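Multiple structures are listed underneath, in structure tokens.
Across the two complexes that follow, subunit A remains constant while its partner is subunit B and subsequently subunit C.
Now for the complex of A and B:
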């Protein structure tokens, strides 16, 4: 069982992910925007962050820069699960991987729950 | 054939629609998978599947209607339309979707408004697309979306408004420029491609009007100005 911070701007999709993660026994904090997710970190320290990059207000990259600026969240594994097509994501991969410590980048429309759950479990185990 | 816009504009609109369809289709696929994974189909939220499928179909139908109205002039029949009763219909259709997005729908149609000249199907499709897009694209929980009509010296204004930050004319023009070319043309307003908004704009353009940024009481949103039907002024 792990603490998962889910940053998903679409409410209908977030509901499915939350149900699936709860079924797998995880504790979930679900946020729709970066600002909200950052404030949640005061009370909920996640073992894994699962997030979309396309957010309102601050985008996902800005969120990750801020997340990594706090000593206690510098090493939290982050999984990007995004609607950005792989071709659009490619130029960002180096920054996400090298500078922001993103462990996996998934294309949301093609990522099954099963695959997402497996990767979350792997990352939560460290 | 009318030449309102370029083929490039049509391709960008199509791209924007395709991009937007990813979300409802992903919700449907993941919902079914959730039931299969747990071996318990009772976990599947069938209401969510139905609503998401309806949204996707509405977007596709509105997109096709927009192109039809633009390019096949015979389809563009303008008739007297009661905006107030149309807003009641639109609110009814948006209701279950709004619930899924924890949004309260409000109607502000008090007052007597004469019918406007519009294409009935087109105006309804434009308002529906706009409503869906703003509900889906604005991820704040527990907010209110208002469907409203009011009179100005320029005509009858109808639109969809929410508790959004003020959308400026500059942001709106920028979003129109970025349509189909950027993942998030409305950086402050929506997390998706905003296809429903562009589809609404296309339909309204075919009716020689357009969307513009608007404010109603304390809410901001997008609205269109329609002209009263002179035919029924004396009825």
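Now for the complex of A and C:
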């Protein structure tokens, strides 16, 4: 069982992920915006962060930079699960991996729920 | 203790204790400042709005006895909000701030503050090409560090000729005439304008700008790797 911070602006999709993660026995904090996710971190230290990059307000890159600027959240595994098309994501991959510690980048429309759950479980196990 | 007021741009933010943060800021008059911002951890503090990245804020601070002063208050002067409207632009913005932070000494001249403002301005304008901004920024770091290449005369000391074609020698940071060289008068003119500090928006107006950016990127990036602390 792990603490999962889910940063997902699409409510319908977030509900599906939350149900699946709860069924797998995880504790979930679900947020729709970066500001909300950062404030949640004070009370809920996640073992894994699953997030969209395209958010309203502060975007996912800003969230990641902020997340990594705190010593207690510098090493939390992050899985990016995004609607951003692979061509747009490609130029960002190197920095996401090298500077922001993103462990996996998934293209949402081509990622099954089973695959996402498997990757989260792998990262939660360390 | 005396309170000082200055415009400032955030270069980095790190944690200090439970609720405080250490900010490194670039200012026109005081160089780089390291200040303790009390109670601004995460987003709950009233100070937090004034210490946004990609912004110019007016800060009030107290110089400490040691290296770290104290941030008293902040007032947002200008936020370049369009930078965070595009992920690729946000990423480039962070990259340029990181480069600026590393390249500047403890007491950087005011020109570095202006450079940061101009970079934000360009990043905020969606019509300005990202590759051009990257190249322009590297040119300015070289210029401010005193590493402008010789764009006036060739290796033999002759004035660069409009009709000639050149190669570039990194050892001397000078062009040398070579009929099979890669650089024409247009490339050299473009580099002159760039190294003279013309803003990216102005460089965009040069005919064939995108191609010129592509053709000169390797030259500038090799010089940057040689001379600028990264």
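Keep in mind that, in the parts below, the second predicted complex is superposed on the first by the 126 of 126 C-alpha atoms of A that agree within 3 Å, B and C clash if a C-alpha of one lies under 4 Å from a C-alpha of the other, contacts with A are read in each partner's own complex, and residues count from 1 in each chain.
The rule is simple: contacts are C-beta pairs under 8 Å (C-beta built on N, C-alpha and C of every residue); 3 or more make two chains touch, one makes a residue touch a chain.
What you are looking at is a predicted structure, and each value in this text was computed from that prediction instead of being measured.
S.K.: In the superposed arrangement, which partner chain does A:101 touch: subunit B (first), subunit C (second), both, or neither?
M.R.: neither
S.K.: A:71 in the overlay: touching subunit B, subunit C, both, or neither? Say first, second, both or neither.
M.R.: Touch status of A:71: second partner only.
S.K.: Give one of first, second, both or neither to describe whether A:54 is in contact with subunit B, with subunit C, with both, or with none.
M.R.: both
S.K.: Identify the partner contact of A:13: answer first if only subunit B is touched, second if only subunit C is, both if each is, neither if none is.
M.R.: In the superposition, A:13 contacts subunit B only.
S.K.: For A:91, using the defined touch cut-off, is the partner it touches subunit B, subunit C, both, or neither? Pick first, second, both or neither.
M.R.: In the superposition, A:91 touches subunit C alone.
S.K.: Look at A:42 in the shared chain and tell me whether it touches subunit B only, subunit C only, both, or neither; answer first, second, both or neither.
M.R.: After superposing on A, A:42 lies in contact with subunit C but is clear of subunit B.
S.K.: Just to be sure I read the superposition right, which of the two partners does A:62 touch: subunit B = first, subunit C = second, or both, or neither?
M.R.: Second partner only, subunit C.
S.K.: Taking the contacts subunit A makes with subunit B in one complex and with subunit C in the other, which residues are shared?
M.R.: Shared contact residues on subunit A (touching subunit B in one complex, subunit C in the other): 54, 84, 88.
S.K.: Where on subunit A does subunit C make contact in their complex?
M.R.: Where subunit A meets subunit C, its residues are 35, 38-39, 41-42, 53-54, 58-62, 65-66, 69-71, 84, 88, 91-92, 95.
S.K.: Note which residues of subunit A are touching subunit B in the complex, please.
M.R.: My answer: residues 9-13, 15-17, 19-20, 23, 32-33, 52, 54-57, 83-84, 88, 108-109, 112-114, 117.
S.K.: Please name which positions on subunit C make contact with subunit A in the complex.
M.R.: The touching residues are 12-15, 41-44, 53, 84-85, 87-88, 90-91, 94-95.
S.K.: How about subunit B: which of its residues touch subunit A in the complex?
M.R.: 19, 22-27, 30-31, 33-34, 37-38, 43, 45, 48, 51-52, 100-102, 136, 138-141, 183-184, 187-192
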